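Each of the two complexes below includes subunit A, the first together with subunit B, the second together with subunit C.
And then the complex of A and B:
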């Protein structure tokens, strides 16, 4: 006897009514989502198409290239592009490592230790975080100039800037650490672990999403930075990152010959970040929601 | 294996609340000591100070003759079992139990030996490769005990280890802890709020209230000679009946006046009263429910009361009654001894008459609530 025969007919009817309602609301939701993704994706598709166009290096009045080719990508090698790309990659990698270590240590400290001025410190950082970072740019430039870390030497200077204030981004991971029961720390400490071992062996393995989220955001900052990098490198190609470098091609005298190469550069910049996100998206979402909701 | 000595230990929290006052205790080598008391009495705080999880605000804690006040938990050579098990959720049972040994950098062969040995004793060999979340409460607690067992720790601390288990499992685990204690033969400090656990497990029981030690003694001591009214009421279930009464000395003999009845203090109690020459005074009289019984019809000194609730516990009845002046009392009656007439008379709302023997009376000072005959004298540390 099939199971379906046991269903109450009125029940089935009620379900059908609900599913009709569901269908309508789903349709609306999907339409909105489709429109949103078109708006979002259009510029990217546009840039990708431009980057494969070989018939003209200047802007044209149509979207789909008439002649396709990889010239723009190949020609990038004849410019400073790969130098900038390497600069950016080094900075993003160093920042990702440095910032993650600092943020995690900071969060663990604020979550677990009770010390004088703990609350004061947290409040102070909250207020400090309300000021736009741009405010510190002039003094940052002066300081880095004295250390000889501007213009051509901007890379180490920028790494310093990116990492310097990273402790203030402790909120999400502290929120997550707060949800890990303190008795786990206590048990581990009694089992013979030092505070550092507790963090590395007990807390972090449980906090994988948060760690990945922290690494991703730390990597993304320098990767997409324009303002600070522009300011510290001061028009010196050797010290530029890829965003500043590509932007320099948009000056009136260069744009005619480099517009499509600019697009090709943009595509290459987007590739590693896209791959990273596609692989780690799951953790990223868990990280944001896990830390935020319970924190 | 080690002694633990607490001298004048004080805990004051940051918010100026004093959780533990001047705590003095000498826990001997291989002794099983239970801290018991109502919640908020400072028993867990004291244990955590011994473990090093809580800072000691004053006084000293010595383990094996060494003052450990400023030592980190890891340097105190202790093992601890927590109420909520505190297993590492991302590790398997095996890894959980191996964790303290890996931290010590013990060779993996030896770790394997120790963990499998402990698992065998605790009957968790089949679960070694599971994660804690796939285990039941009882199994988790076994793993937690196993993790504490694999190390050669000087002192074994347990913070309400059975409180999260259901009643049946709790009884079973209690018996297993007694066996474990025999096997490990080390110093145990056990915290609980359950007086049954305290009585069954401890060599000595430390009864605490509001951060003070009320009495330290063997289960027999605290049951038969409670140092004060608090201990008398805390130990034993259902709790001791207490009445306002007057101790009268007449012609060198003692009797107690309560509810218009005259109850003669005879037996050992009478002798002790005479030996100490206790003067007549207002007292609080204590009698345990199991020491009371239904009076025979002719007894002129029986206490008249009205039966309010009758709880059938199987082998015995718990009779909750109220006297004419509003004092409530409980009587435990063995059902096997009841005649059919008596059974019939034990209906709710009926008058019953209860009494007790002179030798089971406890006398407490009406003001200080101290035991008049057997006051608790703290041991010197």
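And then the complex of A and C:
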């Protein structure tokens, strides 16, 4: 600040003009941002507040609870909620590992190897990816049922479903691998590294953002899945994930007695994802945009 | 070396798949519509694993009752039950997703019965069990459990109807008999009137039953609908629509909802039309201010019409079983759960109004405020019976159609016409018949007026072909657009056709195109067509 006193007065004046202009445009921008963030955050704040309301368990016409308490969270323990939570967590974790390994291997292969039908395969997967996954739901159900992986055994069945087609989601990471100079591979190969060593020791350390992006998206899929999970678990609490379980509390005969508990469940569901995002946010942005920088 | 490895891996994969194939269980062999015959008592002793679906509120009680059954039954049946939560309104749909994986015993609302029968998701009752249900349950419950002349389920409750809950601090007792006064009172107090008339045919029907309209559906013993008598589109129906318009047009008062949490919403409702299942919840929300009574009357052209309702039931269904012994044991359990004692127990603990005639007579039931209200309303109620699954979607449109109309007779009539057209479309298609479709009926291939009369193997129709640019058509199966019966099949009367149409390139649909307007008699035996001009 003290340095500014030495500036030429006219320059200061011009500078002030600029800052006044800046101030106005900043004010406008901030007002818009504040309004947007209120619109965005209001539902979350609402759910958090509702989850601490203990004077009644149904929907009410006000937002701030009259009596605060942790009853809803404590009562969750008396239901199947933690079981659903564990199920979801296991599925998300297993998918995060399995899908990441498959996607990275697939991307590396398509980025570095040249083999017959490589382009054909990529095009085929692109077209296959255009069909909505829902189309296969009924056949998936029959298949998993014959494997005894539905209802109470839905967890391994669902992990299989989530991981099975993950090889087709190679686009972003392949794009990123393409930006890593091939000369590095060649240098490593000359020094005697195998193809696998090139992937693990050369490429992956440089592709941290993309690995984290892949883990995150793989983790998020099962965490929020509803349609397939509901179909495969077929109303068996032992095989439900949180989305399906919590949804069952919204039926007309239960919502009056479980609405605030539903909100408490929703808050707990959001916690690990929020933490994950907060820790890995930096990489996430790099990962999303990284794949687009193709040399 | 790598190639060998790849080969070994591929073989492993194939073997893995083959092993999976062998793992399939014969669980899909559920026999269609079989009845679970009662095996002799000594034979059905044993331990059975049973999956039960019941609503959340009844879970604890049902578990307890099943344990009691294990102690009480003299047949040596031991039930190892898994009780899962499922609301009655969704149970049918969920069961039909996969019957073989579905529950052995489930609570469901009666509107799903016909679908369950069609989808072989529910077993017939044996003769003795049917007789017991007929003797011990009220007539609405028997109608609910019956399709054709066959009983398929055990009645659990007979109070699945609706009436009016109101907030005594807002609504004066003397106003509760008039819809107009209630709307006024709500408006004056800045409160709302909740009745789910935008999205639910179940509630909309209230107005139509008030004026004496009916929608009576007949289903056969396989759950297939064979006939309907529907008078919603009638002068009485128009009066009902006027009543409905009074509520639908009160935009700042009416809320389309049956959720009793509306009593504590913002702005709060002073009236919610709902059923006995909400009684305990309303009591919690309103406390001493809770009022429950029959629905009001609405006044059209100086005449009062008391709003009607459905009188429906909740039922207990048993899944068809491959194991006859298990089927018999399940029927024993179902009878036990729906007998007098357990309906009374369910009433005492959950407030579910019994379907059992004797249980309905006990004082506690007669004096319960919700039961008093539903009984008062039931004088004006229509027994729900079996209703076509599509009706609920067709009829629910009336609510919004009426609400969006200008309230004039013509506007309201249009809503009813739409309804009628949809019902006709749904029902009058006879897939075994033939229909002469064409320019004369605007190519409506489900049009009953142009259905051909069947006489032995022949189908005949006499019709007037009016003057138009294209006087053409062909014979199709209703609902279908096949081209197998047209110009090429005409054996007699080709001279009456427009000669241009003999050219197959110009007549891609094989249409019969008349050269001149007039009255024609068309006869076909399914392969050739004879046309005679009158």
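In this text, the second predicted complex is superposed on the first by the 268 of 295 C-alpha atoms of A that agree within 3 Å, B and C clash if a C-alpha of one lies under 4 Å from a C-alpha of the other, contacts with A are read in each partner's own complex, and residues count from 1 in each chain.
The criterion applied here is as follows: contacts are C-beta pairs under 8 Å (C-beta built on N, C-alpha and C of every residue); 3 or more make two chains touch, one makes a residue touch a chain.
What you are looking at is a predicted structure, and each value in this text was computed from that prediction instead of being measured.
Shared-chain residue A:25: touches no atom of subunit B or subunit C. Contact with subunit C, but none with subunit B, is seen for A:253 once the two complexes are overlaid on the shared chain. Once the two complexes are overlaid on the shared chain, A:235 sits against subunit C while remaining clear of subunit B. In the superposition on chain A, A:59 makes contact with subunit C only, not with subunit B. With both structures placed on the common chain, the touch criterion links A:148 to subunit C but leaves subunit B unconnected. Set against each other, subunit B and subunit C differ in how many residues of subunit A they touch, and the higher count belongs to C. Across the complex, subunit A is touched by residues 20-21, 23-25, 53, 55-57, 84-90, 94, 97-98, 101-102, 258-261, 264-268, 277-278, 281, 284-285 of subunit C. By the touch criterion given at the top, residues 114, 181, 183-184, 186-194, 197, 201-202, 205-206 of subunit A touch subunit B in their complex.
Residues 14, 51-53, 72-74, 78-80, 82, 84, 86-90, 99-100, 103-104, 147, 151 of subunit B are the ones touching subunit A in the complex.
On the side of subunit A, the complex with subunit C involves touching residues 56, 58-62, 141, 145-148, 150-151, 231, 234-237, 248, 251-257, 259.
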